[in-house]
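Got some structures for you, see below.
Both of the next two complexes hold chain A, though its partner changes from chain B to chain C.
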Partner chain A sequence: MNFISLQQVGWIAGNTFLEAVRQKFFNSVLLIAVALVASSNFFQQFDFGTSELKFIADFGFGALFFFGSILSITVTTQLFFNEIENRTALTMLAKPVHKVSFLFGKWAGVQLLMLAFVALLCALLAVILYWRETSLMAEQRYEIFSEEGILRYSDIALFGFLQWLKFGLLSAITLFIASFSNTSIYTMIVGFCALVVCQLQYIARDAYAEMDQGLGRLLVQGIGLAFPNFQLFNVGDQLLFLTEETLPAGITVRMALYAGIYVAAFMLLALASFRHREI
Partner chain B sequence: MSVAAITIKDLTKDFSVGMTGVKVRAVDSLNLEVRDNEIFGLLGPNGSGKSTTIKIVLGLLGASFGECLIYGKPSHAVEARRSVGFLPEAPYFYRYLSGRELVCYYAKLCGVPRREISDAADSVIELVGMTEAAPRRVGTYSKGMLQRIGLAQAIVHDPQLVILDEPTAGVDPLGSAAIAEIIRELKSRGKIILLSYHLLAQIEGLCDRVAILHRGHLVREGSIDELVTESEAESLIVEGLRPDGKIAVEAAIAEAGGRWVRREKPRLSLDTLFLNEVQRLEKERSARAAEEKGSS
Partner chain C sequence: MLPLLCSWLWQAFVTVKFDHPLLLRVRAVFLTVLFLVAVGVFTRPVEDVAWERVKSGQTELNLASIEGALGQGIIVGILGGFRAITADFLWIQANAVWERKERATFDSMVRLLTTIDPRPLFFWINSARMIAYDIPSWRIREEGGYDTVPDWRQREIDLEQAEQAFALIERGLRFHPQNSRLYLEIGQIYLNRLDDVEAAAPWFLKASQQPDAPHFAARIYAELLRRQGKNAAAYTFLKDLHKRLPDGDLFARKGIILERIRTLEETLKIPVEDRFKPY
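Showing the complex of A and B:
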């Protein structure tokens, strides 16, 4: 049985992306994020030297995480409920389209949008860092600058990729919530709560590591497994400077697998719930 | 014998309401069959179960009991929907797409081969009379235009069965007449059309057979003639009869063993009156324009 059509997923994703980039909300968030990252350049009067570069990088990574998380939850919610409330989902699902194609199409469309967002912010951050690094090198005030500079720019793309994986996970969680929720506001609130839980999930992991065997430990362990650990993706501190080792490729692949497994699990849960939903 | 387009057997649908899960029956033991090359009307007031029945036929809802088949395949199977086109009530489409892009998008989703999409879209857009407006964004369309582009997306993959939920809801009589004409054209192309309506006058001249639903039950089913003809009575329409002539007719009817039931003036429906008047004015306007053109 042809359960999922990748071509249909592609068409739906393309249309979802088109709808998303036309939303005022996306454009507003994008503009604010770009303005914020660009403004980090004006902190050069602090004259921190290499710390200044670190500051700009942290500022950019922070903006990427903060605005990306907001975008991921709100855009997924909006795009899903637009289809339900405007009954365009009714027209689509009355055609030979599986509900799984619909859900994955929505998810993939949001991922395309997040890819554009991440790529733009990373490119902007790289330009600002390069400009500042070359100007600091020209001043030749700091001994630590070697001929080839001190920044590894490929790490910006690596950080962007890891954040994009995290946004994909967040989007899958939001779709799961939307699949049984009746209102977009409920979906967004629960989505943001899930984000906080996933950010702080390491606390549960630390807790059950120290707990004795028993029901309590099983419970905390269950919570620790049910929610992905978003801290794994926050590797910005270890990246970027040539003095630090970059993330080994094996770890990046394992993190991609980790994200993939959780995305698949949440999408299956979303499908199980959405299958019985009245459109 | 060929397989019926839609076969509904003992179909029942219950909805759970509220926290207590109280069951509300939307469709109750419905039996229906929609056959080849007919326009079938599903009639009934709001809340009679028409939309629920259509959603079950489209596989968007599961039945609580009974079965629904499309050309012999269970309606919940995605495969069954390959031969079905659907126009929802008061359709809403992606406002940022042009009419043509919208029809092409749905053609792709329905699996129309890539090289045929453009021709298929142009052909149905022409059929629904939207060729001029097709490059415009859907967000700028009137209700009538939305219904027509909705019809185009419903038939772009050349389905054998077309389901239209209140296709003229909110559309003016001229637009309704145009949509009715498209539906007749579809029938002439061998399509089977299932219509859902709550305005009975609009469906009368269009459907071959109708089913009337009320509170989920099938009340009546049959051809329009079977259902609306008073088999025991005959009407006689006369013109220019003098009063003494009327008395003589009454006497003749009584003498022949009949009974004079009522005397009434034949009436036009308001729809027909409106259409006749608009068409007369349009003809006059065209004639005047032609005259002015000729004289200049």
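Showing the complex of A and C:
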């Protein structure tokens, strides 16, 4: 493919990343997410059943998913439409920069940003969990603590990686929507709707297995097949504690492959749509 | 014949010039959906293995567990890691509803919060207690009070509420099938609210058979057998229990068990030479 240049993709990605980091929105969301994770210990006062460390982990993973999804959709939309509205896309695409490079550059830039976001939140969560675990061990409030503790910290990185893959997929879906949409508001709304559908795809999938043959089953089956399953990446409940087995490498590879195929598919769709777009 | 017809229709669809913008839009949507379904079919083998692994670790993702509460299941899907804190806040709200004695709202809130986060036993046990012990009292007072409402009607209300509590706990048992506290709770409702020793006994037995069973569950079961006049069965059970229990464990209360064995030997008039020899 002579129309895609990795160097151009790299330049656009780097520029996109810098532009995104300077955005007030990104900094605000990052600040809120960090503050929320940092204050998870305070929220523990409202906990009625789960153990303290489990609660903090759930809370941190929840913040990562929630704010990461918001960032992924909003930043992708804003960065794409900034180029269109400021006419910089016109200048860029008039040069020998192909639309593929432009789209992949934008996507890679957002992924860099999400990587920074995920890494920061995971690191913060690991620090808080370590602090609480060592405090609890020192207090010896629980007999369950062995000498090496009860948490597997590598699982935080694993969860972060899986969420990053999901954000990449969400970003590709948002780019696809942006490729045919005229306004950023429309893109964001449809993007959030797509997020909800993908989060709930498993319900359609399980439902069609129970349904009788017919048009309804065919329709539900179609929905199950047409949208990626985001619940696949929702493994926070099964990670972190040494009493639970970590995710096998084979399963992680499958998840990465699944995300990769869908990213490629949505980027192809975005390209097909963007090719005919008047800028 | 059918493949030929499909092939002809496909050719017509792809090659025929559609000039009307609406038809062009419909064709684009159709092709996009078709492409995504094809990607879904292609990724299914990659996804299936990983999905089975993820789903098996999260019983709340199974459709059966959200049956009759699909709207609530949707919240489960969307909330992700924030489920714990959401359920905790809902519990606080449920307590406010309980203080106001709003039965219908309380029932629906219990269903919602246990669907959102079925992990804490606290929710299942305390909700069941409120349903089985508190609500019957409200209902009896609403109908005129304990002095006015006839005994048969009070019994009817107790039974109705106990049934609801049992249904709730049995739903909880789907998520915690080996937890003795839920079995104990059913037994205690039979015993303390319904005064039904015969129905309570099997639940204490089931509780005593769980891996985390407290020692007292088996002792209560033996006592309930005795109260039913099944002295021989109680005697056999206690002898077996005494043999099984560890010597050093204070909570095992082997001394008390031996005392009860001796009392039963007196009641059953067992000859001295045939009496239980603990050591």
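Here is the rule we use: the second predicted complex is superposed on the first by the 266 of 279 C-alpha atoms of A that agree within 3 Å, B and C clash if a C-alpha of one lies under 4 Å from a C-alpha of the other, contacts with A are read in each partner's own complex, and residues count from 1 in each chain.
Everything below uses one rule, namely that a residue touches a chain if its C-beta (ideal position, glycine included) is under 8 Å from a C-beta of that chain, and two chains touch if they have at least 3 such contacts.
Just so you know, these numbers come straight off a predicted model, no measurement behind them.
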item: Fit or clash - chain C, chain B, common chain A; value: fit
item: Partner chain in contact with A:Ala172 - chain B first, chain C second, else both or neither; value: neither
item: Residues of chain A touched, compared between chain B and chain C (which is higher); value: C
item: First, second, both or neither for A:Leu257, with chain B first and chain C second; value: second
item: A:Pro96 touches, of chain B and chain C: first, second, both or neither?; value: first
item: Which superposed partner A:Gln231 touches (first chain B, second chain C, both, neither); value: second
item: First, second, both or neither for A:Glu19, with chain B first and chain C second; value: first
item: First (chain B), second (chain C), both or neither touched by A:Val110; value: neither
item: First, second, both or neither for A:Ala33, with chain B first and chain C second; value: neither
item: Which superposed partner A:Val220 touches (first chain B, second chain C, both, neither); value: neither
item: Contacts of A:Phe61 with chain B and chain C, given as first, second, both or neither; value: second
item: Chain C versus chain B - closest C-alpha approach in the superposed model, Å; value: 6
item: Chain A positions touched by chain B in one structure and by chain C in the second; value: none
item: In the complex with chain C, residue positions of chain A that touch it; value: 43, 46-50, 54-55, 58-66, 196, 199-200, 202-203, 206-207, 210, 222, 224-229, 231-232, 234-238, 244, 247-248, 250-251, 254-255, 257-258, 261-262, 265, 269, 273
item: Sites on chain C touched by chain A in the complex; value: 28, 32-33, 35-37, 39-44, 46-47, 49-51, 53-55, 57-58, 61-63, 66, 70, 73-74, 77-85, 88-89, 91-92, 117, 119-123
item: Residue numbers on chain B that touch chain A, as the complex places them; value: 55, 58-62, 78-79, 81-82, 84, 86, 88, 91-94, 96-97, 105-106, 108-111, 150, 153, 157, 163
item: Contacting residues of chain A [partner chain B, same complex]; value: 7-8, 11-12, 15, 18-19, 22, 86-88, 90-98, 276, 278-279
